[in-house]
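Would you mind keeping the following structure in view while I ask a few things?
As written, the chains take the letters A, B, C, D and E, and residue 1 is the first residue of each chain.
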Amino acid sequence: MSQTAQIRQAARELLQGKAVECVIGYERGTDGVNARPFFAYEAAEADRLIFDQTCTHDLAKYLLNRKGKSTAIVVKPCDSRAINLLLNESQIQRDKLHIIGVVCPGVVERRWGTPGAKQLNACQVCQQHTPVVYDTLVGQPVSEPAVADPYPDVAGMEAKPADERRTFWEEQFSRCLRCYACRQACPGCYCPECFAERLDPLWVGIRIAPGENEVWNTMRAFHLAGRCIGCYQCEQVCPVNIRLSLLNRKLEKDVLGMFHFQAGMDAESPPPFSTYQKDEKLGIGE
Amino acid sequence: MARIGVFICHCGTNIAGTVDIGRVVEAAGQMPMVVHAADNKYNCSEPGQALIRDAIAEHRLSRVVIAACSPRMHENTFRKTVAAAGLNPYLLEMANLREHCSWVHSDGKEAATTKAIELIRMAVSKVARHEKLFPKQVSLTKRALVIGGGISGIQAALDIANSGYKVVLVEREPTIGGRMAQLDKTFPTLDCSSCILTPKMVDVAQHANITLLTSAEVKEVKGFVGNFEVSIVQKARKVDHAKCTGCGICWQKCPEKAPSEFDMGLGKRSAIYIPFPQAVPPKPVIDTANCRYHKHLRFVEEKREGKPPPQCRVCEKLCPVGAIDWEQKDEVLTEKFGAIIVATGYKAFEPAVYAELGYGKHPDVITGLEMERMMSASGPAGGDVTRPSNGEHPRDVVFLTCIGSRDEQRGRTYCSKVCCMYIAKHAIILKEHYPDVQCYVFYMDVRAVSKDYEEFYKRAQESGAIYIRGKVSGIRQEDGRLVVRGEDTLLGEMVEIPADMVVLAVGMEHSPGSAELAQALKVSYDINELFIEAHPKLRPVETMSDGVFVAGACVGPRDIPESVASGSAAAAKVAALFSQEFLTTDPMVASVDQMKCGGCLLCTKVCPFKAIDTQVLRDGRTVAVVNESLCKGCGLCVATCRFGAANLRGFTQQQLLAEVTSLWQ
Amino acid sequence: MSTIVVSPFKEAIDAVVEAGGKALKQCYQCGLCTGTCPWNLVKSFPTRKLIHQSQLGAADFESEDTWTCATCRACVARCPRGVAIIDIMKALRGVIVGMGAGYVPDGLRVTLKNIAGTGNPLGESAEKRTDWAKDLEIAPFTSDTEVLYFSCCIPAYDPNIKRVARATAAILKKAGVSFGMLGPRESCCGESVRKAGNESLFQTLAQSNISAFVERGVKKIVVSSPHCYHTFKNEYPELGSSFEVTHLTQYLAGLIREERLKPKKELNLKVTYHDPCYLGRHNSVYDEPREILTKIPGLDLVEMAECRENSLCCGGGGSRIWQETKKGERLSDLRLDQAVATGASVLSTACPYCMLNFEDSILTSNKGDMIKLKEISELVLEAL
Amino acid sequence: MRQFISKQNLISWLRQQMEARQLVAPTQVDDLILFRRIDRVDDVILQFQNTATSPKEWLFPKTETLFHVERKDGKAELIPAEIDGETVIFGLRPCDARGITMLDLPYLADPADTLYRQHRQKTVLVGLSCLTACPECFCESMGSGPEDTAALDIMFTEVRDGYLVQAITEKGRSLMPQALLSPAETVKPPAPETAPVPSEGITAKMRQAFDGPYWGRVADRCIHCNVCAYVCPTCYCFDVRDYTNKGSVERVRSWESCQSPGFTKIAGGHDPRANKGARMRQRFSHKLLYFPEQFGPLHCVGCGRCVRACPVNIDIREIMQDVQRMGAPK
Amino acid sequence: MAIDFEPRIVGFLCNWCSYAGADMAGTARICYPSNIRVIRVPCSARIDPLLVVKAFQLGADGVLVAGCHPGDCHYTEGNYYSRRRFALLYPFLEYLGIEKGRLRLEWVSASEGRKFSHVVSSFTEGLVSLGPREKVPAEGALP
């Protein structure tokens, strides 16, 4: 049975049996090529659900709008980590949730109207092809590949001289429209009021200009330190293609190196900033 | 709009000698919202303070900046000054022109002046965002909990009770008295230990202000200073102490015997027992592991094969008041307290790790505490010291010090403090009882540091004990005797001493369960599971958890006088606390804006004082809420909170950002 | 009373202090090391005093005592302040070797010269290193070979101990293990050389071995000697090597567990096992040798009074194996008595140095008809 | 009258423009094509589908200061912002140019937005007509088309070896030196066709579609990323804030979007459009109902950017179809 | 040019150790460069990384964060958390092109006046040799 068929069957059963009010999955979009998020409320709608390599969205973000409502959700492995993140941060309740985990070989870059040919950069170094948490598993679990160097992009950036890095980021941030699409797409961004939109204290002014853009982008990434689960929705939705993953992945790499922590692998481990080791050597203040 | 006054202090020439006060006053006067800027020879002098008070009234100032010395020096002084002028005392900010500027930049008047102006600008920006703060008053329960009924806990309980406050004394064992009750005599006076201890135990039992809970343990601690809520487990004793008169017939007639814990296994006790004759309360408990009826019950319950052991129930049959209660279960009592004293004491080091000494293998190798029981007139041998192997009197007795102490590899790093002295005591008493005994002491360093201790050591030497400097490397059995082998480091030769008995001067270790108790009380403990004082010198009986005090050997090795002193000291702290009608809390604590809280609850996990609770709002959201009585104002939650919901009064995000921003505006 | 002038050789002493590190300063002179040291069962060896002399900078470089320590590690395991006594001994010797002054035992001088010249302590030709295996038809080592069997120089050359290497090779063949040797490319591991204070020779030997291993594509090494084991596993990585090192007893225990080896023949022997210091106290391998012995049918394993952590040293570590030990002062003689006292007919062990010492003790004390000496591999081979 | 300009001449004309005034044109930035200020004529891209963001930012910048208030001698003085220098925007697609007419409607209507008016007066708009249509283009259904010259001063159409030139306004003609031109000999290539969208009568249908669950269902998948508004050539919402800096006050405006969660939050914290469905309905009602009611035309030029850019495929064409299909409310 | 350059340093000092250490430097009259502007916080754990990022954005040439030595925190464990936070922020800012020498975390106790003055001196020297920050993206500057 194809993954699509398995998802449809699971969704139909869940909706028919009233186990959940809604199944969040994917359906085909208006370009006839790409997938888009879909909320099925009735068993009859289950047949609109699909799964293929264009299912790039991290649907876990939608759970934040459905707190306390029984929901089934289709998740890829990276999205499943988002669920653990939200559970860890007391944002959602596990017992209200039915997780349909999909074994994922990687998804492709979204290009409107044409089938994407290139696998996402993130997927090329992915080390998690089976969801870390699920109730129903769609597909056969695969043994995880050992990726020798999961951060070639970050290492490349680190290797550049400081002034080159500064020039690079100045140009990238100068493009920023501060539309906050990156924030809106991110399953880890759910502050009732974003620091960037606060009037008091005024951390970031409303000017869409380099100074403000730098503070916004730096702190957006830093607020996700030890929390980014690597779905790269932020970079995908950015209308001006800022390389946001280079920021998130740098922090991910350092968090792994310093604190041996990866966000969302389980729902219990204390995140890096909420714990410490007395004798740890972190290369600062020593 | 705030009306800010800036008062710049010359501090004689301390500031004025380096900083151009005239320029600073002029610059301060032009800062936003500053309506008054003035200088003063000494702001902190009475005339100086009067000038400030007058200026507040004259210029209708709503905020004040004092540019003078370090706030660590005079912040409180000036808070009182502005309060006297009718302002909220927290509407004050200090700019540190002395310690942070004039004193350290005396080589550059220009630079120091520029810096002084900027420091004032920062303070002005910050003070504009100050809010009125009000200390809160919290009522308190004037009732103390003492955990541990050893000499330290007993002393603390009696002192508090005598100050007129109620005390609950909780002891894990069936009797109070602790380790001191096991000792024969005490150094350096050689008083009989139980003769000086038992009257105090009786005082505890009879004191109207003391409630004694034996066979009880603290399970859970909630709340904060003045308002603790403690769950105490009263373990099932299977004897109704309300009915029991302590007549003793049950423990005399009980047919089952077990090794006595109190006598370090050297003697026996019955299955229904009091640990020793002077126990308080003098009422027995049933040791269900050894009780024949309980063995029978377990046999039946576990459906074992064969014939069940007989149901004994002799105690029940003989009890004249029907106090035996087989149905008694563990009970949880929840009580309120205003303060807690921890006096959980120590346990003796287990010497089996030193395989070369053969403890447990050679019966004539015993510990110091076993020697105490042996020597005690009320002990299992009635004070007769004999070799466990054959019951004969020993002639040559070797003492080994530092067993488990001062040893990084197999023991504890610290010195246990009392061993040198109790070994000296044993040597003296042995010689007195048995003049033909020869004592040898292998020592590392003899530590005799309190009053009369050195003299006591001398007395041991005079009694004939031979002190050999070195550590024993092996004990072997030869012809029914022990041969103790080690280097005499002063001779530089190996020595071997044939002995009849070897006494290991075992050190002190934390009492079992210390870490769990410390966690429940939110008190820090070290790698040796010893409790950590708030300050080792200046706050030796306080902890970092307000309202929780420590006494006795749970903090580190202590002898009896020190344990008693610390018990009294902790009691004095409690009495001082209880002498207040209300507790006043510092208003410079954290708060959480519930509208902005996203409910990730990381703050509740990181707070070192467990001062953040959760609350479910009417809209269903779960948010963090600060318990202001527990909060100490570190601000860790503020930096942890991504939502910007947590804030710290007196050091708000707005205030700190204003300080930073003012440097570029 | 003679007077010691404190710190006469400042630089030399600094080297010792540095080797002892913080731990040397921490020594509080309790003398537990002296009492623990087995030499004090047969003569006087003031360990504590040497440490104190080192603290003061007053070491006596002309003393025989400098060369006595067999590095058995018994004192280090008990020292309450965790002083690295072996490192201090090593440093004292290093100063003498480095300065070229002071007393060095004759036997040691010759041996070190041999090793420097031929790569082995016996001064034999490197070409003959695998002559013991000539008739065993062992395939040459290639990059496809799974395991390098590093026999140690003693089993490679000593006519009496060759039987250990031969038994080992026979077992490995029977188990179908893909193994080989590097022949003349192998040198002495250098463990005892380092303990003898000759750091530069140790470095040369280690570099030579590491480059031979790397060139030939060695990944996994099985060794007969606990001394090779110790230095390959714990010291070579300082020079950047990263090979998987296994002692033969660990390897054989594994083969038996995986049932690639099945000892079937009943031996009907009472055997006692001597823990080599470098396998036991230095590397905590106590269980595998016993595991092997207990799996041999009909073998009754009995323990000596002092075993495992408290095992008595044979006296061969720390370059002692290359020095003459006077009759009456030989620890192996004491140990042999302990073995005989168990009533065992076989004394077994797993170290070439222990083998040499016990061979000698059995011979000189004429106890050959009371007890036989067998390396574990010999017993295993007999049982197959 | 159509004239011809060779590619070489076009490039030298662009160079002249660049030297005389600020030249803004499509250029490659990483893997995007964006309207950017041009410093090297070689950077101008002449063949492209359409830019990732609309050119509106050159007339209605993402951020601009409206005025300063300075304190002088104890008195406050207001200093309005001035636009200095002229700009030529080259390479406008007809849909984007029509988008500018949409900005004109609210901003130039009395009382005019003075800053926008200055931008508009000091900018020359040069179009480049479309030879191909993208699958998401639907300009023809929205009253524009590949050859629409609305708002343009000059229009170029690519032909073999060069471009047909159409100087539409006086300003356009004055900037186009005849020396570079020659009579047009090549015929204009046929205009591409765009997929039709049912825009007829949509305003009336929208009025009926106000209530019901429809908007909530669409909004389910909306993540309120604001991308639609930021890439749209017609959206014109902004937010205003005052800044203080060393005693001077500055009023700044920046783009804002009706989809952002706090957009309609008012003093006291109340937000009349707090739910996602209401915000979603607002966006399409403004485009298809309120704007036409106030100003006439539908507030969309069919450039297809929002269709392409929306990460969750909220497609205005699909919305229009759905709304058209809806029956009258019961 | 670098010779006349006076770097601007924002120093966040914890009240109990480092601020007291700075006071100690004053009491002992140990001179150091006047470039630092001190902001008093109760504990190094109070320092939100946003404040540091904001200081750099406004134009700070260097930011010093100082707290009690690990194990000596007045609040028992705050500095362990700040150590983690800044250990991560530090390489991140470097990655964004803010040179390594511009952010410094130090442990200064109340008795370490000399250490405080040494830290400020060496930090200032380091910043002088790094020179002014190039193209500080001033608030609101347009491209």
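We take it that a contact is a pair of C-beta atoms (placed from the backbone, for glycine too) under 8 Å apart; a residue touches a chain by one contact, two chains touch by 3 or more.
Predicted, not measured: the structure shown is a model, and the values here were computed from it.
Peer 1: Going only through chains that touch each other, how many steps at minimum separate subunit A from subunit C?
Peer 2: Shortest path length, in steps: 2.
Peer 1: Going by C-alpha centroids, which chain is farthest from subunit D? Tell me that one.
Peer 2: If we average the C-alpha coordinates per chain, C ends up farthest from subunit D.
Peer 1: Starting from the mean Cα coordinates of subunit C and subunit E, work out the distance between those two points in Å.
Peer 2: Here the centre of subunit E sits 55 Å away from the centre of subunit C.
Peer 1: Go ahead and note the Å separation of the Cα centroids belonging to subunit B and subunit C.
Peer 2: Taking the average C-alpha coordinate of subunit B and of subunit C, the gap between them is 50 Å.
Peer 1: Measuring centre to centre with CA averages, how many angstrom lie between subunit A and subunit B?
Peer 2: Chain centroid spacing, subunit A to subunit B, equals 47 Å.
Peer 1: If you average the CA atoms of subunit C and of subunit D, how many Å lie between those two points?
Peer 2: 84
Peer 1: Considering subunit C alone, which of its residues make contact with at least two other chains?
Peer 2: Where subunit C is concerned, no single residue meets two or more other chains.
Peer 1: Which residues does subunit E have that touch at least 2 chains other than itself?
Peer 2: 49-50, 54, 77, 81, 85, 140, 142
Peer 1: For subunit D, jot down the residues that touch at least 2 other chains.
Peer 2: Counting only residues that touch two or more other chains, subunit D contributes 63, 243, 252.
Peer 1: Please give the residue numbers of subunit E that touch subunit B in the complex, ascending.
Peer 2: 8, 10, 15, 19-20, 22-23, 25-27, 29-32, 34, 37-43, 45-51, 54-55, 58-60, 74-78, 81-82, 85, 117
Peer 1: Give every residue of subunit A touching subunit E within the complex, in rising order.
Peer 2: Touch list, subunit A to subunit E: 157-158, 162-163, 165-170, 173-174, 195, 203, 205, 207, 209-215, 218-219, 221-222, 225-226, 250-251, 254-255, 258-259, 272-273, 276-278, 280, 282-285.
Peer 1: Show me the residue ranges of subunit B that touch subunit E in the complex, using the header's touch definition.
Peer 2: Those residues of subunit B that touch subunit E are 70-73, 96, 98-101, 103-108, 111-112, 114-115, 118-119, 122, 524, 544, 588, 606, 608-609, 632-636, 638-640, 648, 651, 653, 656-657, 659-661, 663-664.
Peer 1: Which subunit B residues qualify as touching subunit A in the complex?
Peer 2: My answer: residues 595-602, 605-606, 620, 622, 640, 642-645, 652-654, 657-658.
Peer 1: Which of the residues in subunit A end up touching subunit B in this complex?
Peer 2: By the definition above, subunit A touches subunit B via 67-68, 89-91, 190-193, 195, 198, 200-203, 223, 270-271, 273-274.
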